[in-house]
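What follows are several structures.
Below, chain A partners chain B and then partners chain C, in two separate complexes.
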Partner chain A sequence: MGVILRKELADHLNSTRFLILFCLVVCVSLLITNTVSLNIRSAIESGAKDPHLFLMLFTTSGHFFSLVQFIAFFGPLIGIIMGFDAINREKNDGTMSMLLSQPVHRDAIINGKFLAGLVVITMMVVSIVLLISGLGMVVIGVVPTPEQLARLLLYVVLSIIYIGFWLGLALLFSILFRSIGTSALASIAFWIVVAFFVSFATNIIADVVAPIHASEDVDQVMKHQRVVEIISRCSPVHLYTDAATTIMDPYRKTTKTLLLVGPMETISRARFNNPLDLPQSVLIVAPYLITIVALTSICFAAAYLIFMKQEIRSI
Partner chain B sequence: MATTESVIETENLTKRYGRFTAVSRLNLRVFRGEIFGFLGPNGAGKTTTILMLLGLTEPTYGHVAVLGFNPTRRPLDVKRRVGCLPENVGYYRDLTGRENLRYVARLNGLPEDEAEERISSALERVGLADEGDKLVGAYSRGMRQRLGLAELLVKKPEMMILDEPTLGLDPKGMAEVLQLIRSLSKEQGTTVLLCSHHLHQVQEVCDRVGIMNEGHLVAQGTIEELSREGLKSEEGKRLSLEEIYMRYFREE
Partner chain C sequence: MHAITRMLAWTTVLFALASWPLPASRAAEPSKETKPEREIVVAFEFPRMEKEPSSSISLDLIVKNNGRKDETILLELVKCPEGCVAKIEQYGDVIGGVFVASGEKKTLTLSVKSKKKGSKEGEETEEKKSVKLAPGEYKFVVKATTEDGKLTDTAEATLTIGKAEEEEEEEEDPVEITCSYPNLRGSNDSDFRFSIDIHNNTDKEDMASLRAEAPRGWEVAFKPSYEDKYIGSLKVDSNLSRSVDVEVKPPPGAEVGKYTIKVFAKLSKEEFEASRELTVELTGTYRIRCRTLNDVLSLTARGGQEATISMYVINRGTAPQTNITFDSFKPENWKVEFEPETIDLIKPGDMEQVEVKITPNADAIVGDYSVAINVNGEKAEDDLELRVTVKASTTWAWVGVGIIVGVIVLLSVMFRVLGRR
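The block that comes next holds the complex of A and B.
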């Protein structure tokens, strides 16, 4: 498997795709640091004293996206780009039958591909975060505390697993569909549905299931909100934004999730006047993190099983 | 050259896809060191048989032994010793021929310096010495086919399975490839299982042939044996492989 991993990694790093993505990553980091850190600096100069100033580099949106929002939105695209043609291109080029007649286990092929994708994703996420932290430190002159570093690390891990989910999904589609175009379209369609339509759909469904007739009726509002939460948890994008903001923003003040903010959210936000400490944040995030890990594993496991069971004839 | 030690032995080997029986009760024997011609029309079950020999697909029932190993249970032991050139073999288009061979050598766990040596001599031998450092994307069909043979030379297997190795080659290329196969078999005692539709080529190089039709092995033996079988009464005459082959398909 080591040989396949090495080759796949070399392929990724040499590809034009990767170069474009990497340029994009650098541009985005520069842009985010620029707009955000200038905002923060003016805030410091006006006398604000926030112990979590450093983390605001990643969560404040400025005129543009915040990093958390950026990865929630476009992280899927990175995962999809790494994986949508992983298996079917090899089938179409006939390299799969060459590879399979070599003394390698069949699962080494898919494991190697997935791992190589994960390594590239890790490189990207780590380099974005380091770029922003480094530039941010220079511009705002604030050094992170150990606790903030721990949060940052947790966030990096979360982001890698989240993008890994999309990589697994793209890999699955590349096994299911023989045509590269179809698998790319299927992955992107799934992304659009999850990122854009689920948030609208949740509110519509919640309105039907638990309508709010009187907005002062707490029970009705609670029920409505609960339905919204349950449905939106099906969406990995929502899971990720929620988890990321909880880790990175101890005040939960900037919880501008991709979903429309419900009334309960507004109330709960107002209550968090004190920052959550790290163990508390982790406690809140754990279920989300576990769900994202589970989703990623399910996706990869499905891809793995289908690939292993697939009749070689079709390869 | 050929001994009586069999390297491929199948017993009632059967493969069904749903209701369709691709290979039915196949009893095939290939001896060490021989060149065995595996013939039959398209869809006769040759490729399915090859897949089962390599452990790439599981037999529905029956028994296979390749070099003494059961390919379903120990596919790696088989694939380490058997080199296969599949029908529509492809190589990575964005790598050079040499890089592709290097990848294969690594997958086979060859030490780097030995691999480099083998790659250079293999490229030379198949006539790709000058093209080895060009991208495979720029190769013609014939060149890709030669690269496939170079892959086998790098791997130096005990047995080679060649599915239509001369497809897309010009007549000169074909003759060279056949010469290469023959010399490999002579020099290194490599057993060769050759699938081909070019009957006169098969007749030229093969020691024994097997003919498949609709999943059944309808004939197996040397050309003389098959010729004698086909001409029960007419003594003294010899049939060409083409005539033998046609006999099996005229009867239906």
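The block that comes next holds the complex of A and C.
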């Protein structure tokens, strides 16, 4: 497996695909740091520094995107590009049967390919985060606390698993579809649907299921909102965004966007407006994290299962 | 001048004759009949007299010559009671003898002045202003003797000085304390401030030293009016008074009731010490305090689950508290219960334990909430603010761990079974 992993990794790193992707990532992270840190700097010029300023580097959207949003929407592309042709290209080139005639286990091939993809993803995510942290520290001059570092680490792991899900999905499609074009299209189509169409669809479905006749009717609005939330939880993009923003923002105490809060509760909560500690933040989004981990595992397990059962013949 | 005096004397005599027809006719009688060779009479015009206390009293003394011969009569004050000085005077001059022609009479004055303790007679005129005769009976005996000593007569007068009003009697003390409001009422924590006046009745300015006797634990302090310092003595000008504030502080645990504080004032040059009783009536204080064990005011709760904190209600007042109830300020849909719900009685200094049970709403968002507890007693209340930290339920975490373990097991089984090794 180690041999396959090393070979795959070398292939990835030497490919123009990776170079383009990496350049893109660097450009984006530079852009994000620049706009976000300038925004933050103008915001903190008057007033005391928020102790959680460092994490705001990743969650504040500058002119167009925050890093969390960027990875949520375009992270899948990295995963898809890494994996959409992993198996079917080898099959189409006829190298797979050659490879299998070598003394390597069949599961080593798929494991090695998946792990190589994960390593590349890890490299990219870690380099983006480090780049933004470093530039941010220079521009706004705040050093993260250990708890913030822990939050950042958790965020990195979560991002890798999330992109890993897309890698697994692309791998699955590359096993299922013989044609590279089809598998690429299938992956991209799934990504577009999940990332963009779900948010439009949720509103349409919610309007049908729980229409709002009177906007001042609290129950109707809450029911509508509940439907929207349930549907949007089907989307891994949404799950990741919620989980990531909650982990990165200690002041975010719920994933819900609309809450029914009484006046007494408002006063009572406003009295001590303390940030949450990391375990509490994690507990809030525990279902989300579990779902993301489970989705990734299931995707890979399915790909593994199908690949192991598949008959591979040279054409 | 002399002529005028004589004329006045004559008029006095004539007036006396006219107004007293009976003695006058009697006096005239012997002159018509055979008068004795020599006879003198000395008598007080009013041998019994009652007077208000005053610094000097004059008694009229009549000296009469009933004989046919003119006489020079020497007068002597035989008996003068203690505590006063008497002199026979005529128009301010002290007289030792008088010449009375036959059938004539002269009216003299016995002037009585009080004598001051330890002072010389010569100073009496200066002091007569301030010193008054003490109440009692004074007996004066005047003896009249002819020049040759052959004839004598005595006159006796009893002067009764009535008791003066009390106030005037007190004014005789060298120092005196007065207070317009000697009774004050209030709760233990209120300020008791008496305003007393120290009077110096002597003719010299003097230092008056102040002290007080109070029940155990009470603090008494003297302060000049409108000045923020504590004093032990103060200077009082002669015949003037100065006002002093007496600040009385009861001990914190003093029970309801009446307490007497005695203040004393003494002039440095006098033996006498004036005193006055001041009364403080304590109505009791109503104060309750509530606190938690170790004074920890935060607790952790989970949505929908009851969290308990022990609270102590302490009666810090001096009056018992009855019927204590509890209120709470809490977010909507939360439950705050008290065990017991009410306390019937807490004696002063005692405390009661109350269990506060807080149940956050099942859907409460994690974070810190403020829950205020109000303890309402009789005429007193106290509150407590608790920080309730609502923590996320850990059930999802355990479910998650379960799922992840399941997935790992599934994958490893799959690797094992399908590994084709």
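We take it that the second predicted complex is superposed on the first by the 288 of 315 C-alpha atoms of A that agree within 3 Å, B and C clash if a C-alpha of one lies under 4 Å from a C-alpha of the other, contacts with A are read in each partner's own complex, and residues count from 1 in each chain.
Here, a contact is a pair of C-beta atoms (placed from the backbone, for glycine too) under 8 Å apart; a residue touches a chain by one contact, two chains touch by 3 or more.
Owing to the predicted nature of the structure, the values given are computational and were not obtained by experimental measurement.
Using the contact criterion defined above for the overlaid structures, shared-chain residue A:H105 touches chain B and also reaches chain C. Once the two complexes are overlaid on the shared chain, A:S42 sits clear of chain B and of chain C alike. In the overlay built on the shared chain, the residue A:L305 is in contact with chain C alone; chain B does not reach it. Shared-chain residue A:T95: touches chain B; no touch with chain C.
Contacts of A:A286 after superposition: chain C is touched, whereas chain B is not reached.
Which of chain B and chain C touches more residues of chain A: that partner is C. Of the two partner chains placed by superposition, only chain C is touched by A:A294; chain B is not. The intersection of chain A residues touching chain B with those touching chain C, taken from the two complexes, comprises 105.
Across the interface of their complex, chain A is touched by residues 17, 48, 51, 54, 56-57, 75-76, 79-80, 83-84, 86-94, 103-104, 106-109, 148, 151 of chain B.
Those residues of chain A that touch chain B in the shared complex are 3-4, 7, 11, 14, 93-95, 97-105, 311-313. On the chain A side of its complex with chain C, the touching residues are 105-107, 253-254, 259, 262-265, 267-269, 271-274, 276, 280, 282-284, 286-287, 289-290, 293-294, 297-298, 300-301, 304-305, 308-309. Residues 329-333, 365-371, 385, 387, 391-394, 396-397, 399-400, 403-404, 407, 410-411, 414-415, 418-421 of chain C touch chain A in their complex.
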